[in-house]
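Naming follows writing order (A, B, C and D), and every chain is counted from residue 1.
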Amino acid sequence: MDVATFVAGVLTLAIFSFLYRDNPVYKMAESLLIGISIGYVLVITWTNSLMALLFNPLFNDGRLWLLVPFALGLLMFGRFHRSTVNFSRIPIAVLIGSGAGVAIPAMLNERTLKQMSATVGPLTTESGFPDISVIVVILGVLCTISYFYFSREHRGVLGKSARVGTWFLMIFFGTTFGYTVMSRMSTFIGRVEFLLSDFLKLTN
Amino acid sequence: MRLEARHYTFIGLAVTVVAAMLVGFQPDVTPSPDTLRMYEYIDSLPEGSIVMLSFDHEASSLPEIRPLAVALLRHIYSKNLRPVGVALLAEGTGVGYGLMRQVAREYDKKYGEDYVYLGFRPQYIAAILSMGESVPATFPEDYLGRPYTELPMLVGVNTYDDVAGVISVADGSFTNHWIEYGHGRYGVRVSAFVTAAMVTTYDPYLASGQLHAMVGGLRGAAEYEKLIGIGGSGARGMLAQTCSHLYVILLIIIGNVVYFRSRRKGGGV
Amino acid sequence: MKRRVPQLVCGAFGLLLFALYFSSHPGARALNGLILNEYWQIIFGFALLVGVLSFAKVNLKSIERGEDLPYRIVSLLGLLIMPVLAVIWGIKGDSPFMWIFDNVQVPMQSTVFALLAFFVASASYRGFRARSVPAAILLASALLTLLSRSDVGGFLSQHLPDIADWVRNYPSMSARRAILIGIGLGSLTTSLRVIIGIERTWLGGDRA
Amino acid sequence: MPHMWVVYAISLPAADPGWFDSSRLPVLICAILSIAIVLYTTYHRRSRERFKMREIAGLKAVEEAIGRATEMARPLLFTPGWGGDIQRPTTIASMNILGHVAQITASYDCPLLYPTHDPVIMSVAQEVVREAYLKAGYPDRMREDDIRYVSSSQFGYAAAVDGMISRLKPASIFLLGTFEAESLILAETGNSVGAIQIAGTDSTIQLSFFIVACDYTLIGEELFAASGYLSQDPSILASVRSQDILKVLIVVFILLATIWATIDPASTWWQF
């Protein structure tokens, strides 16, 4: 067995040991995973973000307007001292502000408006019969929206439609769960295959 | 050693899956029309065609991605097509290279002549668009640090016009960007090998023809393996997949039986 | 005063990005891309340095106190070894950096992901009890989907997959739509409060 | 890496290179209308009577959950999930709830653990919690190191939070924010140590796992309404009210357009 397979196999078993309960072996693997994954993201961010987007274009190609994000980034270091912590709020303000500015139209369009207009359709088929599927969709959307109505207690008509709304929600949660099981199982099957064929060499 | 109810559910799952893998029985699968379409598409490409493979997944979904990618690569190498690999997600970069190299060894393919791995470029949309203008400008050197111009296989490969198609191997929404920008802007033919969870997301694109062909999940991998006639981990996993599914159904039923029996004993609530 | 400046910066960037969304002028697109790609990634890069230093600090403090000594040391070594390997041999295909990523990090990550299969099992046993009407509906739709996606689905009834597909494409999808519509509205009002400055929790401050 | 929803804003067809992209006019009109409604409820409601919000089951449990942790002398764990960043409105909503929770934990002197995958979220959460402890009158009880960056890797984060849960055995766990596949790993581990769990997210797929595994789940928009309910802050309540008004408009729109579509199937004016 090569070193790589051996290392990977031992670490795989160490993580699986968590299923029994927390134990020193798992704790060791977890500490290693946390350390290495932070180290990895540090290197990748340094190469792909700081070098590729900032230092190279700024210092080699002289794109001076990058001094602005550079300065904003440096302000993050204000966090290291109580007296300068206010400076670190400025880059955070840039992130939160621009995020909010994008979110208003993008979320409104992608989440609300697109979903709203996709719901609309003729209630009858071309031959004039009621189209059950469309009726169910419209009923489901309207009742579920009424479940999210916060201004009044759910009593009376609102109470009834909100209750139907929860049924639709439950159908959604049930199907999503059922649908995702297959993907989750394949991940485990993949690990078992590695353990059985590469690590333990029980199958080929 | 004190075991709780959840431990028994864990042991049950482990026993089910390991036993199913050890039995080695492979249920017969009938390739679905979607998988067949992909097979026929790859099969119809003339020998020597360049195919771009984009590894658009995280490292942790490797267990599901590997059977798909291996089946695809075996087909590509056996048909003497020449794959060029790229990655839109940093985490998939090493994985993609490893897979291409591993399968290439099975077929005695030479790096640089029969396959090439260009590696990762950040900012996926920019990367897709920039390859549409010029692949060598986007990747002045390959994953191993060799200059693009020194790779014999890539002589004359400048834009998407010079490749037969792009195949996105994905566990998330990245295939979308290939469809929107690669296909939408540059008209390159986009196909996909995706995890089971993503199949429904891409169904509409397949129906509209924006996505040329798609193979999904472990089952798709098993079907593809059957078509190329080489058994692989997709087929081996199929029995385990079905058994684990049935096991979950069984657990749900047992949970309810336990619940209703305890309720009757407790006299209501 | 200490909150006024970040508040103004936040509002200004909010308005700018909102406006840029509606322009397809190449200059506007470039500015939009500059902020959402370069600014975000560069600020994140520096924030990561802050986060990594604070992670190291927490671990060093523990080591000083002699708590969890071997684990903390392993974490710190893991954190240090990756940049060191990257500096010495680079991060190309066959470098030691990638070897560690491929053979240490990836197997562990995949295995944590694979734990999910077990948790799906324990949650299925515990979480689907038909205690009430909604719970019964949850149970029924989950069972329907699971059965239709197993190979035995076709064995039970030819129509099962069709029924399951219908449920997924219509009633189930309608609830998802309503959830998305609500999330869109919630995001809209939250973002708006942030921009006009009545939402200041993030500044550690009172709301107006 | 920018998140998926931002992609919509980065990418635009270059068909119309003018200063104003006319294809986005409907969005602009709807945005202006919505903004007007939010501003109206915000600045008019305050002078009017207090608007009363309906009860949300998960939120009544918040105080109980904190009380339980205090009684059992165990910590409380709050984490915003791996899927979000500070730019995402969901994260801001989660921060709001964190501020409220932290005020109560401060007065009960209950340790508050906050692991996160994002260094920016860590910085902001430290500010939010510090201010909450200050407001509650116990700034010295705040332990900055309990709000910590654990790893940006999805399953590194999941392993770290799992480790914290199984070692420190929090009595109550708040999973509020944007979650991905790690949702069930955390929720099941929390269940195994007997914690009360209150979850809430805008990731539709993960909601199904939370519903199955947690005691209380805030579904989508409920997460945004939660901070208004908890704080009874008039400005947040006003925006909840405006969301309700917008919902009524949406319902009216869907009904009208449906009738129209049934009569005249060829028309498409409702499509954005």
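Here is the rule we go by: a residue touches a chain if its C-beta (ideal position, glycine included) is under 8 Å from a C-beta of that chain, and two chains touch if they have at least 3 such contacts.
Quick caveat: nothing in here was measured; it's all calculated off a predicted structure.
Visitor: Give the chain pair that accounts for the most C-beta pairs in contact.
Guide: A-C
Visitor: Could you tell me which chain lies farthest from chain A when each chain's centre is the average position of its Cα atoms?
Guide: B
Visitor: Between chain A and chain B, what is the separation of their C-alpha centroids in Å?
Guide: About 20 Å separates the centre of chain A from that of chain B.
Visitor: Taking each chain's centre as the mean position of its Cα atoms, how many Å separate chain B from chain D?
Guide: So the centre of chain B lies 33 Å away from the centre of chain D.
Visitor: In whole angstrom, what separates the CA-based centres of chain A and chain D?
Guide: Using C-alpha averages as centres, the distance is 13 Å.
Visitor: Going by the contact rule already set, what residues in chain B reach two or more other chains?
Guide: Each of 6, 10, 13, 17, 60-63, 122, 200, 244-245, 248 in chain B touches at least two other chains.
Visitor: Residues of chain C that touch two or more other chains: which are they?
Guide: Answer for chain C, listing residues that touch two or more other chains: 17-18, 20-22, 36-37, 40-41, 43-44, 47-48, 50, 52, 55, 101-102, 105-106, 108-110, 112-118, 120, 122, 124, 126-128, 138-139, 142-143, 146, 149, 168, 176, 179-183, 185, 187-188, 190-192, 194, 202-203.
Visitor: Where in chain A do residues touch at least two different other chains?
Guide: Expected reply: 15, 18-19, 27, 29-30, 33-34, 37-38, 40-41, 44, 49, 53, 76, 79, 89, 92, 95-96, 98-100, 102-108, 110, 112-113, 116, 119, 138, 141, 145, 148, 169-170, 172-174, 176-177, 179-182, 185, 187-188, 190-191, 194.
Visitor: Which bits of chain C are touching chain B when the two form their complex?
Guide: 37, 90, 92-94, 98, 101-102, 105-106, 109-110, 112-114, 117-118, 120-122, 124-131, 139, 142-143, 146-147, 149-152, 168
Visitor: Using the touch definition from the top, list the residues of chain B that touch chain A in their complex.
Guide: Against chain A, chain B makes touches at 7, 10, 13, 17-18, 21-22, 24, 60-64, 66-67, 90, 122, 195-197, 200, 217-218, 233, 236-237, 240-241, 244-245, 248.
Visitor: Going by the contact rule set out above, which residues of chain D touch chain B in the complex?
Guide: Its residues touching chain B are 1, 4, 7, 10-11, 154-155, 188, 192.
Visitor: Can you check the complex and tell me which residues of chain A touch chain D?
Guide: Touching chain D from chain A are residues 15, 18, 21-22, 26-27, 29-30, 33-34, 37-38, 40-41, 76, 79, 85, 88-89, 92, 95-96, 98-100, 102-110, 112-114, 116-117, 119-124, 126, 138, 141-142, 145-146, 148-154, 169-170, 172-174, 176-177, 180.
Visitor: Quick one: which bits of chain B touch chain C in the complex? Just the residue numbers, please.
Guide: These residues of chain B touch chain C: 5-6, 9-10, 12-14, 17, 27, 59-63, 94-95, 97-98, 117, 119, 123, 126, 143-145, 200, 242, 244-249, 251-252, 254-256, 259.
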